[in-house]
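Labels A, B and C are assigned to the chains in the order they are written; within every chain, residues are numbered from 1.
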Amino acid sequence: MPYLDMQGITRLYPENGVLANDHVDFSVERNEIHAVVGENGAGKTTLMKILYGLERPDEGRILLDGREADLHSPLDAHRLGIGMVHQHFRLIPEFTIAENVVLGVEPRRRGVFFDREGAVSDVRAVIEEYGFTIDPGLRVSRLTVGQMQLVEIIKILYRRADLLILDEPTSVLTEQQIHKLFDTLRSLRDIGKTIIIITHKLGEVKAISQRVTVMRKGQVVAVRDTAAVDERELSRLMVGKSVSFAFEREPVPRGRAVLELQGVVLLQKGQDHPLLDHVDLSVHAGEIVGVAGVSGNGLAELEDVVTGLRRVSEGRILHDGRDITRLDARHLRRHGLAYVPADRLHRGSSLQSSVMENMIIAAHHDFLKGGVFRRQEVEDFARRLKEGFSIDGDPRVPIGTLSGGNIQKVILSRELASKTDFIIFSEPTWGLDVASSEFIYSRILEIRKEGNAVLLISSNLDEIMGLADTLVVMYRGRVVARLENGPGVSKELVGEYMLGLRDDFEGEPR
Amino acid sequence: MRGSEFSIPLLHNTIGIMTPFLLAAVGGLFTELAGMLNIALEGLMLFGAFFAIVFAGYTGSLLAGVLFGVLFALAAAALFGFISLYLKANVFIAGLATNLLASGLTIVLAFQLFGNKGVIRFDVARLPTLSIPALNRIPVLGDLLLGHSVFVYVSWAIVAVAAVVINRTPFGLRIRGTGLSSATIASLGLKPRVYQLAGILISGFTCGLAGAMLTLNLGAFIPNVTSGRGWIALVAIYLGNKTPWGIVIAAFVFGFAESLSNYAQGATNVPADFILAFPYLITVLAMIGYSIWRYYKARA
Amino acid sequence: MRRRKPLGELFAGATGLALTLGIAFAIAVLLIFTLSRRPMNTIYYFFVGPFTNKYYFGNMLNTSIPLVFTGLGIAVAFKSSVFNLGGEGQVYSGALVGTAICLALPAAGGYLGGAAALAGALATGAVLAGLSGFFRMKWGTDELISSFLISAAVIFIVNYFITGPLDDPGNNLLATRAIGEQYRLLGIFPPSKLDVSAVFSLLAAGLVFFLMYYTHWGYEMRMCGLNREFSRYGGINVSAYIVLPMILSGALHGLAGGVAILGTYHMAVKEFSGGMGWNGIAVALIAKNHPLGVVPAAVFFAYLDAGAKAAMLHSDVTFEIAAVVQSVIFYLVTAQALYSAVRRRAGAPA
């Protein structure tokens, strides 16, 4: 009998009609480390939230050790010995480790007072019991990210959890910290705990788990013994039928270096290692540079830095030879920067404003006469963009009512409408259907043909390999590979760089 | 006027005057710690003030007056909390509404019950004050610390209790946690709203006391007797950096300003109004200074 | 397992507004029945009284004029996601400065002097609110608290001037001397106090509406209010749009004070403008921060005041019933206000 048996779990989010879990059957044996893998949006986190009592399923039941479990809140989960370490830490930086760990189950003196010393000694006892080394009297704000994660684990061990759920635990850890974590997990398993680990890093699945469940689009598609499956097959299961787009990438003459990054470093308080570590990058006219990497390795930071939303700590950024390092997003626009952000809904658009108002955000100065908008011109502009990009709907409605694909088209049309010579795309087809994705790919190739410089940042390897002329791989904030895209470059090769398995980069393109 | 002849009564008065600010601010502190902006302190105090004196007059008992004053202030706080937390209202507007309701309702009731919209005198006993002859003879401290109304000593006890609760009880830990990160509190299975409501109710309690002190001291109800003290209490919370002892100092500053402005006529050349404005100005300057410091610290 | 729809959602939308007003009126009726010995009479005067003669009706409209200005001031601020809580001080000091300018000018032409007075009032409010905006932009100081603090201090200072150096011993009030006849605005609806400033208020509403929806600054202000990150990425100078809306908001509040003096009061009386700032917030809320909606909302508020006044004069209830009804409206409106365009402050400075 499995230790944990979730049967027929179904959860539909009414706000956006997404069926996060579709009759999911999920079971875990006692004393194993079980990995749950899937792409973004596969339903992994929802399933775990249900298990932890943060959400309730619309259908289905949960059996723990043969007995039905009724989970209304995390308190119920705690009682049943289930603990969860969230992807985004739930810690209070201003409190000490001990205070964070005991919060909610504080030891008391005379019933009313908080036994602070008792808390510290109890937590220290737990720390020693499991062989960790950390001082429970420290304030959480002074800890490294790896230590914070340890605190989260201590939190659930303190509550005598037998079943530990870890949601993307390694996304913020360094190599060494990951090793340490895995050792910890193994020893926890050895003393009788059961562990579920959610991850999208296939290398880690192989390293730590005994069995793996693959989810895709809210359903369980496979359950395998880890030893019996390799990363390629897992990847295939995760993605399903590989949708191969017919990319017609013709050779295009490469011109001058339009955008250059020289030795860019980005530091952040509280982080052990730089978020961007001496990054050198250049994009030429008529070239698409694809930046690949697993999320959390510097892609988002690169995006912020190149678009002027975050300032670099060291290094230079040049546009056509001119130094633009210190420029803010506002000024970069005037320099000809166009940018399609990954965060479509918050950065890329104003959901409550109309499609028209979204379209003119960068160019609204062009439609003014004496400070007043010339309505007709704005409407004509909007109509032209609409037609050029096949966007459905009335430009006067709030953009939030449009589908994801249409929103992205609005953003794209707006960015391309401005006079520009370099464009940055970040996760351009994330969450989009096939038709919209194809449309966007053909536009990107057109832009390239017109002699513009394109920087494509994406965690979608198929996309990058189909579009890019030059592939740059980032790992832990560093550039670990720069490859001319061609027959010698395979997904496996790039994947190895992405997972940090190859360390042969000399700094020059092959 | 010789220095000590002037300063001791001034300080003595300050302690009395600062007490309503202190009481209201200490209660308001709990709401602030729970992460909510509470501008209803003024209205809650007014409810306390009105019902305390009405019931004291009606029952002849000061204690009954205080009890009912606090009760009605709590009821108003419960209404404010319910609408803000469970109906998801904008806490600022709900606070404004509470103040308006207090100001209107107290006058409406005063008119209804006593036919009078102005000052209403009640036949109530004087508030007991503390006087210990042996200690009275101690020079400076004796004059300063004794001879105050019972409310003053109660307020000291409340501040001490508040400090203990905030720093040394699980409840204090959790309420601070709610203000710092309600998501963390929720992830532990606790309910942030419970702690926020508790903060609001505590402020209702202390504001009720503060208001009761005002009217029972006077033996009368004056329309809008609170005249801005609730707002001062809110400012005191910020000036006092959201800690109980900081609030004591801030309340002292405001109390001192008011006490000084009473003495100002003839004693100094500074107009009373400037003295009253002074605490607000230093609070704003302190806030700006703090922002500047924080800004440059983050850039370092 | 569906979650219960929050009660607040019930109140959303235009039907919600009707429901709100309906409940408010019901409470008014309930109060009247409880408090008055002649309830039907009181109800008549409360609801219909303001329309029964020119005096009441005109005065009602006149009371609404400053509320239009302060309502516009708050609407502009809210739409840009900045919080101006210093309205009371801005109105009051604007009024004083306007009065002072009129008193200081030798017998100049009415139009010139009046314009100068209004300009001074406007500038006073603009500077006061602008200061808070500036501190927010530069160092992230919370403008809600700083504008309130500055306003509170300013009120005391204005009180000092009115009861001290500028006090007119001749009148028996705590007030300045009256401004010259030539500066007073023309009455347009005798015997009531309604004057030309009614037209100014409508003009102001129209101008603000035009500004917000048809001009470049209005567009940028609204975009910053809705999504500061997006606006920054789009190339808008987000920092400027923390200060500018505050300046505009303060200017409108100052103007409210100036207009009140020139039109109705003709002298700065101690604390005469109490409530104009706070009520401006209520007006903006009911109007859902729409500049044109501010006009009927202001009139509605003035209507409640006027009805209560009429009921007080002709019947046996007290004027403060209006305050109770207003507070109920506040409560109800805010439970629904969450679902309209009032945005929560976006957080860190740009």
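Keep in mind that, in the parts below, contacts are C-beta pairs under 8 Å (C-beta built on N, C-alpha and C of every residue); 3 or more make two chains touch, one makes a residue touch a chain.
For clarity, every value in this text was computed on a predicted model and none was experimentally measured.
Undergrad: Write down the pair of chains with the top C-beta contact pair count.
TA: Highest contact count belongs to chains B-C.
Undergrad: Where centres are the averaged C-alpha coordinates, which chain has the largest centre distance to subunit B?
TA: So the chain farthest away from subunit B turns out to be A.
Undergrad: At what distance in angstrom does the C-alpha mean of subunit B lie from that of subunit A?
TA: Using C-alpha averages as centres, the distance is 48 Å.
Undergrad: Give, as an integer number of Å, the spacing between the C-alpha centres of subunit C and subunit B.
TA: So the centre of subunit B lies 28 Å away from the centre of subunit C.
Undergrad: Going by the contact rule at the top, pick out the subunit A residues touching subunit C in the complex.
TA: Where subunit A meets subunit C, its residues are 14, 56-58, 307, 309, 328-330, 333-334, 339, 341, 346-353, 357, 361-362, 364-365, 368, 371-373, 375.
Undergrad: Which of the residues in subunit C come into contact with subunit A in the complex?
TA: 1-2, 214-217, 219-220, 222-223, 226-227, 229-238, 341
Undergrad: Given the complex with subunit C, which residues does subunit B contribute to the contact?
TA: Subunit B residues touching subunit C: 83, 86-90, 92-94, 96-98, 100-101, 103-105, 107-108, 111-112, 117, 228, 231, 235, 238, 271-274, 276-278, 280-281, 283-284, 287-288, 291-292, 294-295.
Undergrad: Touching subunit B in the complex: which residues of subunit C?
TA: 6-8, 31, 35, 135, 138-142, 144-146, 148-150, 152-154, 156-157, 159-160, 163-164, 278, 281-282, 285, 317-318, 320-324, 326-328, 330-331, 333-335, 337-338, 342
Undergrad: Applying the document's contact rule, which stretches of subunit B touch subunit A when the two form their complex?
TA: Within the complex, subunit B touches subunit A at residues 164, 168-170, 172-174, 176-177, 180-181, 183-185, 187-190.
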